[in-house]
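One structure is given below, represented as structure tokens, and several questions about it will come after.
First chain written, first letter: the chains are A, B and C, and each begins at residue 1.
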Amino acid sequence: MTPSAALTDLPLVDGHCHAIFGGAPDPAAFALAVTEADVAPPSGVSLVDGPAGLAIRRWCAPALDLPAGAPIDEYLARRAELGPGEAARRLMGAAGLSHLLLDTGLEGPALAPPSEVGRAAGAEVREVVRLERVAERLAAGDVGASAFAGAYVDALAAATVDAVAVKSVLAYRHGLQIAGDRPGPTAVRTAAGRWLARRRPARLDDPVLLRFVLWCGIDRGLPVQIHTGFGDRDLRLAAADPALLQPFLRAAEPSAVPIVLLHCYPYHRQAGWLAQVFPHVHVDVGLTVGQVGARADAVLAEFCELAPFGKLLFSTDGYALPESYLVGAAQFRHSFARLLTTWVTDGALPPADADRIAALVGAGNARRLYGL
Amino acid sequence: MTPSAALTDLPLVDGHCHAIFGGAPDPAAFALAVTEADVAPPSGVSLVDGPAGLAIRRWCAPALDLPAGAPIDEYLARRAELGPGEAARRLMGAAGLSHLLLDTGLEGPALAPPSEVGRAAGAEVREVVRLERVAERLAAGDVGASAFAGAYVDALAAATVDAVAVKSVLAYRHGLQIAGDRPGPTAVRTAAGRWLARRRPARLDDPVLLRFVLWCGIDRGLPVQIHTGFGDRDLRLAAADPALLQPFLRAAEPSAVPIVLLHCYPYHRQAGWLAQVFPHVHVDVGLTVGQVGARADAVLAEFCELAPFGKLLFSTDGYALPESYLVGAAQFRHSFARLLTTWVTDGALPPADADRIAALVGAGNARRLYGL
Amino acid sequence: MTPSAALTDLPLVDGHCHAIFGGAPDPAAFALAVTEADVAPPSGVSLVDGPAGLAIRRWCAPALDLPAGAPIDEYLARRAELGPGEAARRLMGAAGLSHLLLDTGLEGPALAPPSEVGRAAGAEVREVVRLERVAERLAAGDVGASAFAGAYVDALAAATVDAVAVKSVLAYRHGLQIAGDRPGPTAVRTAAGRWLARRRPARLDDPVLLRFVLWCGIDRGLPVQIHTGFGDRDLRLAAADPALLQPFLRAAEPSAVPIVLLHCYPYHRQAGWLAQVFPHVHVDVGLTVGQVGARADAVLAEFCELAPFGKLLFSTDGYALPESYLVGAAQFRHSFARLLTTWVTDGALPPADADRIAALVGAGNARRLYGL
């Protein structure tokens, strides 16, 4: 069996994803959801006319009975004809996912509830709790500065009873250049007072509190997923290099709590090194694989330059469009199989190892790490 | 028609280039002009014996009636035999350029006037005005600190009457780690006083004034080209990462004035992300393609990982040697066609889209952006 | 003759390596020595199951009479059967090295003496003296702060009588973000007083003294090797980008003393630029090639994007395991030959140049640079 075949038949564990839109996006909303852009491009430029859009035309059109590569207008017309529910079932079903590890930290009326996402995918849903969101919910109540730390610990415990992981969006709120050590009680109390005193502390962006919730995540003992690398422009890219986390990774190492670096691109080689030298660090290829489309062969290869194969994790980072799940899964199956086949052909990889590695990265590592 | 054929026949718009030497360089001057080095290497090392030199031997030798890959000594002998005028006409003519967008900010008796460059290339010349140069010309006169800001605005307006773009060399003068916002009138006046008070303010390197002229460029409404990434060693590479421009890009976004990140290597993946998430940001592959020679296939592919195809622009960054125009154009045609063909073969790209994308990157995007 | 054949028969100069273990490592010690990790991974993960481990199974198994790609357990059993001495002779002999430039700055009872390493490899051993080690030996004596600078100069002169190069591990002790200029006598005396006053100054980590010993290395006139890029987690990766050395490289340029940037990954493109624009800067591919295994084709190609071919140097960075020498050499021969063949096939490189470049990078550049 070639690595390609091994991956074709393998139910994938989607180690990091979000909910889909509950309804049908119009063409403009669809185009925005294809990439990380959040405003429309100037006249003459289409966000769909890029690697991620090509990947949708390639991998998703057949699930809607169109030929691979069908023009985007035909694709959207067919999608509208089927309706959002049928399109989601077809697209997410074709992704072949056994589990969805769903970050529930993004909310809004436009998003479908987790159970509906799981039904569309035919997959078991497990929750990933966003650390900052728990603090923000707390701040919406009447907690005071002195009680904040204790209340957060309790709230996080309650929120994660059934969760398989927690997640940090530090990269969006401050950047990854933080001190490694856990902030002391006084510093947390002072920072909480400052933050809560703002009229509407909708967004946790205080660097002390961001470190505090990250350490509370470590204390919880569940794997900690950390957004690193690119995303939308709300983050500063140069501050999202996972190598900047090195002081924190070193400080957290004695806990032995697994840390999963998400996305990583264009700093994925740095992430691979971190996964090699820190026993608790793992790397997730989600978002990147879907966004770079046909270039995923090369980018996955770069992820594999230093990281042990037992530390690499598949995910889609699917969000909003059911297409993002299918593109993430199909492009991964295709590109990772091509990469492994290249190595087998080069004589660098025994075929039996290729199948084994495909199964690890696609599902086995996640099952072990998240206790599925 | 394969993408290769589409690109072979396409007149390219050279979105960023400079003048050529007026006369014939001796072998040492020729060798220095091949790369970004500006001093000779130690004994035993040749600057021509690298990727850029190989690309010259490959792409330029046939234009001088020699076989591709002819040894550099034979090449230089044949070049001398033909004389600089005939060599320039052959080399630049073979580049197949319809327009040259010429940065006129480099001056000197050794450089040919723009019109002569255009004649040699058989191309229409349009001007790109270097923002810092306008300030430096002003400082050579008798402007005072209080009048500087107003005088600069007037001088820039006059200098750009017929221009299609302006250009910033901030990377060479300070680095790209600047505050995003426009400096206020007082700060500009103070900085102008400080700068003009130096005996010979030949070089604009004051960070406040550099930001000021950049914002004046935005106000002009023409596309703003910004040098990013590698160049000669007069810049500090780590300070030329275009991701450092993020605060400025965010601040300039409401203007909707197009910004073109030039060169970008080795930070071209960062540039691709900027082009995806900021509607006004575009990316130019010039200099990089010619300098990396046969590696242009891979580097162009990396440029294409996140950027929409409508945001990518060809240029040669041709300078001094007519060879740099031909190498930039020929290597681009060859490598971009190979990249697109790879995607077509992989099933990732419908052939009709390949031809369309080739035409966009090679000419269409520049025609739209620069109003040609 | 294809580039592959040229490289197969070429005795390589190993421009940077260390001693091997004197005895036989147990499986856990073996696994740790395969990568840059220095603690065991969590249950379910093997450090051998990654690119470097695959490369050992591929390149080393045949030297022990096993088929390429034999499972690691079989490999270790066969290795134990042969005994460490026979295994070392077979593995290092198969590497085909003419010279070992051995960094003698790592000591310990577990390491074999240089002469034994040379015998196992059938190669001539030449010494590379670690600059920081000379200071640390001095501090173990009774030198005072005032006498330190002079004593260091004398000690370095004595230590390097037969050396071919010196080496800096600044990246491990402080990071590469240093001021470029040579520290003055007063600053050195003050720093020496501070450092020597610590009870056991086992480790030179004072930034002033680190710069001082680096400049003493320059004064010695021998090539200065500088660790850059990845290594074990004792360094901070983001501070190991060789581009951070730019102020020092500029300051040291008038000396014309060659500087060799070691390893470089994942900042090897930055290193290639430095080698292009600074006449005295060279780049060594050691450690990287062995660690990335089958990905060495692509990574070597990236090293070759800007650097002149006369500035690129092969080494293994072999250390502890004789396997690291063979993997470094065999993977280099294989991958560099494949790269050159790709260029020949593409029409980018005349075949005669391919053979010449292979000989330069594999041996000729090192012979010239280190005076072998």
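As a convention for this text, a contact is a pair of C-beta atoms (placed from the backbone, for glycine too) under 8 Å apart; a residue touches a chain by one contact, two chains touch by 3 or more.
Note that the coordinates shown come from a computational prediction; the quantities given were computed from them, not determined experimentally.
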item: Same-residue or different-residue interface between chain A and chain C, half as cut-off; value: different
item: Fitted rotation between chain A and its twin chain B in degrees, CA, nearest 5; value: 120
item: Separation of mean Cα positions, chain C and chain A [Å, integer]; value: 36
item: Where chain C touches two or more other chains, by residue; value: 298
item: Residues of chain C defined as touching chain A within the complex; value: 35-42, 44-47, 49-51, 54-55, 57-58, 68-69, 230, 232-233, 236-238, 265-266, 291-295, 298-299
item: Interfacial residue positions of chain A with respect to chain C in the complex; value: 241, 243-244, 246-247, 250, 256, 258, 269-270, 273-274, 276-280, 298, 301-302, 304-311, 343, 346-350, 353, 357, 365, 368
